[in-house]
Structures are given as C-alpha cells and as structure tokens.
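Contents: one structure, followed by commentary.
Order of writing sets the labels: A, B, C, D, E, F, G, H, I and J. Residues in every chain begin at 1.
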Amino acid sequence: MAGGKYTEKHAQSGLKTKLPKLETFPSQFPNYEITISYPEFTSICPKTGLPDFGSIHLKYMPNQKCLELKALKMYMLAYRDVGIFYENVVNRVLQDLVKASDPMWMVVKGVFNARGGMLGIAQAQYGKVPTNFSFPSELK
Amino acid sequence: MAGGKYTEKHAQSGLKTKLPKLETFPSQFPNYEITISYPEFTSICPKTGLPDFGSIHLKYMPNQKCLELKALKMYMLAYRDVGIFYENVVNRVLQDLVKASDPMWMVVKGVFNARGGMLGIAQAQYGKVPTNFSFPSELK
Amino acid sequence: MAGGKYTEKHAQSGLKTKLPKLETFPSQFPNYEITISYPEFTSICPKTGLPDFGSIHLKYMPNQKCLELKALKMYMLAYRDVGIFYENVVNRVLQDLVKASDPMWMVVKGVFNARGGMLGIAQAQYGKVPTNFSFPSELK
Amino acid sequence: MAGGKYTEKHAQSGLKTKLPKLETFPSQFPNYEITISYPEFTSICPKTGLPDFGSIHLKYMPNQKCLELKALKMYMLAYRDVGIFYENVVNRVLQDLVKASDPMWMVVKGVFNARGGMLGIAQAQYGKVPTNFSFPSELK
Amino acid sequence: MAGGKYTEKHAQSGLKTKLPKLETFPSQFPNYEITISYPEFTSICPKTGLPDFGSIHLKYMPNQKCLELKALKMYMLAYRDVGIFYENVVNRVLQDLVKASDPMWMVVKGVFNARGGMLGIAQAQYGKVPTNFSFPSELK
Amino acid sequence: MAGGKYTEKHAQSGLKTKLPKLETFPSQFPNYEITISYPEFTSICPKTGLPDFGSIHLKYMPNQKCLELKALKMYMLAYRDVGIFYENVVNRVLQDLVKASDPMWMVVKGVFNARGGMLGIAQAQYGKVPTNFSFPSELK
Amino acid sequence: MAGGKYTEKHAQSGLKTKLPKLETFPSQFPNYEITISYPEFTSICPKTGLPDFGSIHLKYMPNQKCLELKALKMYMLAYRDVGIFYENVVNRVLQDLVKASDPMWMVVKGVFNARGGMLGIAQAQYGKVPTNFSFPSELK
Amino acid sequence: MAGGKYTEKHAQSGLKTKLPKLETFPSQFPNYEITISYPEFTSICPKTGLPDFGSIHLKYMPNQKCLELKALKMYMLAYRDVGIFYENVVNRVLQDLVKASDPMWMVVKGVFNARGGMLGIAQAQYGKVPTNFSFPSELK
Amino acid sequence: MAGGKYTEKHAQSGLKTKLPKLETFPSQFPNYEITISYPEFTSICPKTGLPDFGSIHLKYMPNQKCLELKALKMYMLAYRDVGIFYENVVNRVLQDLVKASDPMWMVVKGVFNARGGMLGIAQAQYGKVPTNFSFPSELK
Amino acid sequence: MAGGKYTEKHAQSGLKTKLPKLETFPSQFPNYEITISYPEFTSICPKTGLPDFGSIHLKYMPNQKCLELKALKMYMLAYRDVGIFYENVVNRVLQDLVKASDPMWMVVKGVFNARGGMLGIAQAQYGKVPTNFSFPSELK
C-alpha cells in the first residue's frame, strides 16, 4: 500500500493491454453449461507495483463455440505482467471471453487474496443468466 | 498439452464409440429422485492421448424405469479406453442414459481433475428439471 | 455383485415385510418442522445377500401427530434383516411414516454407502413440500 | 430410553414452567436482521430424566425492540433443570421471544445431540419470514 | 458482562463518533458486484468496556463509484476505540458506505465472536438487493 | 465472571462431593488400550455459579478390570450440579477412575468451552504412560 | 441400555462364536506394511441386544502371508449377528488374524459409534510394533 | 509496511510497558498439564502503527500455583494499546507468566495473522519441557 | 470380486511387466528430502479384471540423482493396463525407483480406493529411513 | 511439459541469479523458534518457461539475528521472474537465509502446485534441528 493518490490512470490500467488470442472449437451439443476454474491467477497492482493473486472462475452456456482450454490458459497467464485492478480483471476477462465465444450467457468471478487484511471478490455477468445461478460447490 | 491444432476430428472423438448396454428395472414407486455418483471416471484426451480423470454425478426422476447399477458401472468403466473430450462425456452420458431409461428429467454433471492448472466442470440436462434443482450436498 | 439376472422378485423384495409399529404423540404446536436423522441404517441387498449401509434423513411438518422416536428407532432397526433395494427403502419408509403420522408434508432421503465405487442417494416426498425445501446443513 | 408409555403429561412437560424474564432495548435502525446462536443449551428429557444437549439458533427482524443478550442467556440457562421435549423447547422459545420483543418475523431452530443414534432438529417460525430465508452459514 | 442496567446512552453509543473519510474511484464497468471481507474488526462494548471482535462482510453493485480499499481499511480500523454495539456497527457501516459510494444496492453483515457463549450476527441492506442474494461461499 | 476474590473454598470446591459409584467388569484380554470420550460434560463454576461445558476424554490400559460404561456415564452426569473448577474435574475424575479400576496406566483430558474468550484444557495421568502416548485422532 | 446386571456371561459373549475362515496368499516382498480399514462393522451388544456400529482398522507387517481381502470381508461381515462387547471384538479380531497370517506384528483398532453419548475406542497389538507406530492419516 | 529503517527502538518496543498484574491460586494436585488458548490477541506494530492480530496458546505444568484466568485475560487485553513485535510478545508473555506462576515448565506460542501475505508464528519455552511436547489438537 | 481361487499367478501378476524407463538429473545439493504425490494412479486387479484406483506417495533423500518428473509420470501412467495387486504396486514402484535413482533412503506408500467396503494402504521402504519419518501433512 | 531433453543448464538455472538483500534485526531473547509461511511463491520452470506456484514455509531458531519480514518478502517476490526448479528453490532459500541470519538451525520447505497431476514437496535443513521437529499445524 504505497502512498500517493489513486488516479484515473491507475483506474484504467491494463484495460487495453494486448493479450494472447482466445480460441474456440465448435460445440457438439446444445444447451449445457461449462465451468472452468483457474486458481493460479496473478497480476500486478497498478498502484503499488506488487503482485496480486487470486482464482478466476467462469461458467457459461455455449452457443456455437466452446472456449479452447490451452489458449484460455495462455490468455490467463499473460496477466502475470499486467498492471490492473482486480475489479477490472473480472470485467475485462468477461468482455474478452464473450467476444471470443459468443455464449448464451457467462459469469466471471475473481476471488483475490487478502491485502491489508481485506479479501476482495468481484463478479460480472453477460446475457440472460439463470435466476438460480451458482458456481458448482466443487469450486471450494 | 501436445502441440498441433485442435481439429473437428478431435471435437467429435468418442461420440459414436460403442459402449456396453445399459439396463433398467421397473420402478416400484412414482415421483421420487435418484442420485448416483461415480467418482472413478477416466477416459482419454483425444488430443494428447493422456488419461483424464473425474467424477460423474447424475440425478433423475424415473418414469417407469430405474437404471440398473451394475450395467451402469460397466458402461462407465468402458470410457477407460475411449478418446473423448469431457464436454462430450457429459452430453453423451446424458443422451445414452435418457435413451435407456426414459426419465421424467435427468441432470448429468462431470467434475474433471485439473489439467494445466485448470479445473473443468460440465453439466447437461434433459426434460423439465425442477427450478430449485441441486445435487445433494453429500456429493462433496 | 453376484451374477445372474435382476428379477421382478428382487425389485419388489422387502416391500411387504412386516415391520415394528410406529407410534405418535399429539403435537403441542401448529406449523413447525421436525428433522430426524438416522445414520446407522442397514439392510440386505436382495440380489447379493450382502448388507447395505446408509443414513436415512427425514423432515416433516406435523399435522396432529409427531413421530415417537423410540418406536421409530425400532422400526429402522428392523430393516437389518430385510432384503430390499435402497430405492424401495426410501419409498417404503415415506409410505409407512405418512400412514402413521399423517403429516402436512414429509420428505425422506436415503444416502447409501458406495457399492462397486458408486454412491447412491434416493429422495421421496409426500404432500405440499415448500418450494425452497432443503435438509438442515447440520446433516453433514 | 427408560421403558413405559409416553403420556400426555410427558408431552406437555415444561410448557408452563416459569423462566427468567427476557429484556429488550430500543432498536436504533429499521429493517435489518439479527441472528443469535446459543450452542450450550441443555434441558431434561421428561421421560427418561436424562439431560438433553443442543444448540438453539434464532434469527429475527426487530420491529421496535431488540432482545438483550444477557437476559436471553439467563433465560436459556434456566432450561437446565426443566423437563421438556425438544420439539416443545423450540416452540416455547419462539413464543416467549416473540412475546417479549414483538419482531417483524422470527425463526427458532434447535439442533439436538443424537439419542439412541438419532439426531433431532426442530424449527418454528413467526410472522412473514422471507421466502429465501436461511440461517447464516457461519452457524456450522 | 458487568452488572447494571442497559441504558439509552449505551444503545446509541458510537453512532455519531467521527470516523476516517471513505474514498471512491470511478467504476470502469456497469452492472457487476464487489464483495469485501474484513476479518479483523474490533470495537468496544459500551456496557462492559471490553473489546468485541468480528468479521465485517459487504457486497454491493457500484453505480458510478467503487470504494477505495485503503481508505475503507482505515475507516474499519478506527472502530478499535469506539464503544458501540454490534447491531449498530453493521447499520452504521452500511449508512456510511452508502453515503460515500451511492451504490445500486449494498448488504453489510457482521459476524461477532461469542460472548457469554452466544454468537451474534447482524445484517443490514440498502436498495433493491437481488432476491437470490447470498455472500460468496469463499467467505467461510 | 462475577467480581470478588478467588478463595481457597472456591479452589477446593467439588473435590469431596459424593458421586455415583463406578463399576467394572473383568477384562478378558491382557495388554490393550481403551479410549472413552464423553462430549456432554457439564459442571458449575464455583465462583460465578454459571455452568461450564466440555468434553472429557480418557484412555487407559486395563489391568484386571474394565470400566463399565453405563455406571461411568452416571458418574459423569452427576457433575451437572457440582461446583468445581475444570482443573479439579480432570484430576478428580482420574483419581476416582484409577481407584475403581486399578489400571496399568490412565490419562484423563478435559477440553472446556471458552469463557471470556479463553479456551481451557487440562490433562492428568497415572502410572507409566507410554512415551509416545496420544489420544486417537478420532477424538476431533 | 436395558436394566439388569452385567454378568460374566455378557463379558465373554461372542469370544467362541464360530466365524468364517480367513485366507492368505504368499507375500511377494519382505518388510513392508499393510493397512486395511473396514468402516462398516456391526455387531450386537450382548447386554441390550441392540446393534453396535464401528470401524475396524488394522495394520501389520506380513511375514510370509498376506490376508486375502475377500475372506477377510466375509469374516468381518459375520459379526453382524454376534453378541460381543467392542473391547472383545478388537482383541478377538487380533487373535484370529494373527493366527491366520502369522505376521511380524499387527495392530487392530476399533472405533465405535457413541452409545449414551459416549464414544468408545479400543486398540490391541501383537509382536514388536514399531515405537513410532501410527495408523495412516488417510483413516480419517 | 510503512517505509523507513527498522531501529533498535522498534526492536525493543513494548518490552517494558507496564501490564496488569497476573494472579494465581494454589494448585490442588501435582503433576498435570494446563493449556490455555486466547484467540483474540491484538497489539500494535511498533513500526507501522497498525494493529496486529493473533492467537496466544500456552501450556504448562503447575508447580504450586495455577494462573487465574480472569487476571490472565486482563493481562492479555492490555496488549491492545502496546507497540510490540510479535516475537517479543511471545517471549514477554512467557517471562511474565513464569515469574507469576513459577511452573515446572511452560511453552508459549503466538500465531499471527498474515501481513503482506506472510504468516508468522513464534514459540518460546521455559524449564524442562517433555521431549514429546505438543499443543493439544483442539487448538487449531 | 469375481469367484474362483486366488492363485500364485494372480499373486505375481505384473511384477515383471515392462514399464517406461525412469530418468534422473544430477542433484545440485546434498541432504534434503523430496516428496512426490501422484493421485491419479490406476491399474487392473489381476483377479477380477476391474480397475483399481489410488494415490501413490513417495518421499526420498537423493544421493546423486533426482527423479525426473515427466518420465516418472509416464512410468506411473503405464500401470493403467497392468494387472497387479496393490501390495505389489507399492513394492515394485519402490524397487524400480531405487534402482533408477539410488537414493539415501526412500518410502513409497499407496492408498487405494475401497473395494467391497474395505480401504487398503501399503507402504514399503528402502535404506535408513529417519526414525521420525512421516509424509508431509499436505498429502491429504 | 514441452519436449526436449533436460540439460545441466536447466538443472542449475536460477542458482546464481541476483536477488534482493535480506535484512535482520537483533533478537531480543535467546532460545525460541520462529516460523514464517509465504503462500504466494511463484517462479518460472526453466524447462517449459511456464510459471510454478507454491508455498514456502520456514522455521528457525535465531542465534543473534532475526530475519526482517519486509526484506524477506521482497526476496521471495523476486523469484517471480527467475527460472529455477523447485528442488533448487528450497535449497537456495535455505542457503541465502542461513547466510543472512546465521541461525542455530533452520528448516525450509516448499509445497508446489501439481503439474501433470503430480504434487511436489521439498525440504532442506541446516544445523542441529530438534529430533521431534515439525512445522506448526497451523500451516495446513
């Protein structure tokens, strides 16, 4: 928690950084749900320059395309050197994944390790998410 | 994660492989729910040739027929040598079990061990699943 | 898992076996819920002759009568020597308890130890069960 | 589990026993919820004379008055020498607390240690409890 | 639990105490949820003068402004020397945070360590909270 | 935690109170260990008059005699109305059980619920306890 | 807990009951340890006639012979109808298994469900058990 | 983690601060062990001025005197406003408690909440601590 | 558990099957310990032809050579089609790994899923294993 | 797990990389133990170029000097961009910390996330570590 003011530049940091291309493959079935959990997410706090750590969970109903896992992993890994706040991580990941896979709906959640004793979680969604949506209990 | 492109052939692998016959017995009661959990599922990744591991959970309301457990186990065991993606496992299991038992509704969920640090879960459903559906908390 | 076919006789085994009488006492209050959990249930598989083990959970809203616990325990204990499939256990328990206590509604759930690596759970219900019904989280 | 019949006297035991006075203080805010958990509840089984043990959880939305904790504790402690069935504990606690604090709504749940291998839970409610009501997950 | 009566002065203690200023930064995205958990909350019981300990969890959907974490931490830390009941902690935190950040909706929950064997939890909310609201399961 | 000084009378309270007789039966085998856990222990704090709660665990190697469980339970139950500090509970239980059963060795441990935020545990032993002694991990 | 005295006949019940034959196969390696856990043990209390339930764990170093699992299971199952105290179960199992397999050393532990609120565990051993012996942590 | 150098003054901070008097009562038995756990410890980091939080566990064998719990709690509470490093907390607590109670031996352990992502634990001991010493598994 | 006798051929099955070559790399440091856990082990029961599942844990102190992980994984994977009893798995893995890496000492443990309700664990060791050896608590 | 051979260059990667300076402060007490746990360790696999993640635990008895936590954190953070195998991480951390702080003894343990389904742990030690050494159970 370095001193100094929190600026607009901090707030927008990492939103435009170029990241690896996401890939998809054609879904073979209609109307089912996929959950992917990536517990080794790390990025850089734009204000302190120190690393943040967390888990990114995502759940979606594919339309025509499923996200290819290896490319998704490379995309996630690339945040390692990106300065970006965790609220923005979650929103940008949603935006990028929706654009790549055009799902029926998608939810992205980020659970970040405590900093200064405070744990932060953010969740964003796209499309008509079911009213009884929840992440599978297997995700911790 | 072997190199090379992800092809249509990969994507459809295992969807037509012949599997052991499922059997049923006549349900003695109307209007109840059965959950079966098979934590020793293993198949082969069609892209890398390496084994995948996971748990398959299923819940259904029988109509006239209940799935016979021993035949179901033999059916599940047979995936051991089948190259098939886990999204397809879940959808094919649902298709095959619905065809064999003609249930009021059925949900199949697959929880697969992490690969490359990413955990994958897929869930598919058939029929008019109750709006407050969930798997029993006993399934960890 | 002894060999041989699964017959109608297997499927109906234990449904008519005489069991100890259930008793009740007059409920002193309207409109509340009772949950009872019996983790030491054991019966006999009618096909293999080997014992099955499980937990029986039940929740109900009494109308005029509450189930007396000691008689209920004797009723549950009596399955120890009964050959009956677990789907039938759950349905018969529900039938017998409803008949004895005439509740507003009742749910019976049986969670049975894995056999051949497969865990089985069955749940049956009577009456107008609340839409947000669940068993208390204290039941594991 | 001493022998003998279960009588009407047993069934009503403890319902009229005088207990310490509950106290309240004026709520400073509208429209919020309070949960109190008392894990050291003990009373006497009116049939066997042996002690019962359990946890009493309660959740309510205050109207004008909040329950004062020290008096509530004294009230709970006083059950130590009262012969009363656990179904009646939960209903009487609800009745007494509602009378003392006149809440918007209240739910009282009692989770009692296993007797004869059977775990018992009872839950009673007053007023217009929210449809998605649940006790906080912090209560084990 | 010192003796003496519980007065109006006790009941209102800490409601007007000056606390550090909360700060915000402009939200970069619409329509997502933020959860913050602060497990090191401590304040002073106005009646006994002894410290209380607990966790404060909050979840909100930002409108234009996100709560800045460092200022929020300083705000939380400042309760260390404030005499205030835990019901009031939760309501005041909600009031102050809503005033500072003008969210779409917000929920504040406080889980306080047992005193005299009784665990206390309070939860307050502002705005149109979703009907299926819950805190993330990661908050233990 | 009522005020006033802690006197010699408090310190010795309950050490001479008459308790139900312990019984034994002849051990049928040499050289084995028995562990008994009683999680529903309650007594009275001699200073405050308020109840204490805890678990009593004991492990011993019988010589000629095993402790009979029903009499042991009645002995434990009798502390319900005895004013005695928990350090003394553990030592007196050890003394009484050793006298009744004359074991090769015995260890008694009491784990008591927190009071004023402090958890207390006491452990006493008799005879030549094995150097690698521990209570079974099944005791929580 | 039926009334009446605890007799010598009770104390020796089940020690001579004929049980299924244990079988062995030749160990292929020297100097290693085998642990077997059987969580579905049930027998009959010779005093009350009610069933007891528990887990039997055993660990041994084979000399020339390993215990064959299927025969061991049939042996364990046969206690289902035997009236025997749990202290005797553990000692008899040890005796029978040592006789059948002549191990370097063996430890047998029985963990039995609570009766009357008291949990009982017994452990017996044969031969020169290693000084740092413990059961694997995987056994709960 | 405020900037600046770590000075000798920081390193010795809090070692001489006057704290409330510890009290004792005469032990009624020889040769047993007492464990006390205080999970609500808080002090001030002398370098940053921010609060630290942790649990203090202590185990000792009394000689003539037992530590009186209420005075011990007041002693622990008094660290709330003391600037002192956690390594020094543990050593000073040991020193003060040994001086007050003159035990056969004593071990003090402090488990402190993570700061900057690093968890710190310190443990100090006095006298001839048993070679197989450990804190009871209940402290966790 | 198919019928028929357990033969010498069963007992030795899989002991000579050719498996992939293990590889090593030169250890850069003396005198430290490495633990590797492989939770996805599967082989075939030589008697029933059905798959077994389990976890293989190994801990060793390298002498000059460390086991290369990718080759070790290929070695473990190759058991997928080998008929071999789990006692033999553990001993053969030890033998092969010792031969390949010539360690100061090594311990191999296999924890196998329950079959017929019985859980089996085997552990074998080579060289002068430390007297206080244990597997790290992180392994489950 | 990229292809190609594992070379000497891989094996020594990261052993000489310059890392931030560790700092110490004078210990104020003799003869106590400090444990530090850093759960956010990450480095780069020298063979695949992909990140590794893990926890580093260390325990030591200071001689004259204690490790300063902020510098230790900066030292740990610096591995983020270092290509080094996890066996070498543990040994190098031990070497560097011993050199900086000259402790009586020290143990360093690294627990690394699974790769290819295999979990790896390494532990190295310096000096005369107590024979009953273990890491505190708080380090899960």
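Definition applied: contacts are C-beta pairs under 8 Å (C-beta built on N, C-alpha and C of every residue); 3 or more make two chains touch, one makes a residue touch a chain.
This one's a predicted model, so the numbers in the text were calculated from it and none came from an experiment.
Judged by shared residue numbers over all numbers used at their interface, chain D and chain E contact each other through mostly different positions, with under half in common. Matching residue numbers shows that C-G is the pair in C-G, D-E or A-E whose interface repeats D-F, with more than half of the contact pairs in common. Copies chain D and chain I of the same sequence differ in orientation by 180 degrees, per CA superposition (steps of 5). In terms of their C-alpha centroids, the spacing between chain B and chain G amounts to 39 Å. For this pair, chain H with chain J, the centres built from the Cα atoms lie 28 Å apart. Distance from the chain E centre to the chain F centre is 43 Å, each centre being the mean of its Cα atoms.
The mean-CA centres of chain E and chain G are about 55 angstrom from one another, to the nearest whole unit. The set of chain F residues touching two or more other chains comprises 1, 40, 113, 117, 132, 137.
Of all possible chain pairs, the ones that touch are A-B, A-E, A-H, A-J, B-C, B-I, B-J, C-D, C-G, C-I, D-E, D-F, D-G, E-F, E-H, F-G, F-H, G-I, H-J, I-J.
Against chain E, in their complex, chain H makes its touches with residues 40, 42, 50-51, 53, 77, 80, 113. By the touch criterion stated above, chain E contacts chain A in their complex at residues 23, 25-29, 31-40, 66, 68-70, 72-73, 131-132, 136-139. Residues of chain D touching chain G in their complex: 1, 113-114, 117.
For chain G in complex with chain F, the touching residues are 1, 6, 8, 10-12, 15, 87-88, 90-91, 109, 111, 115-125, 131-133, 135, 137, 140.
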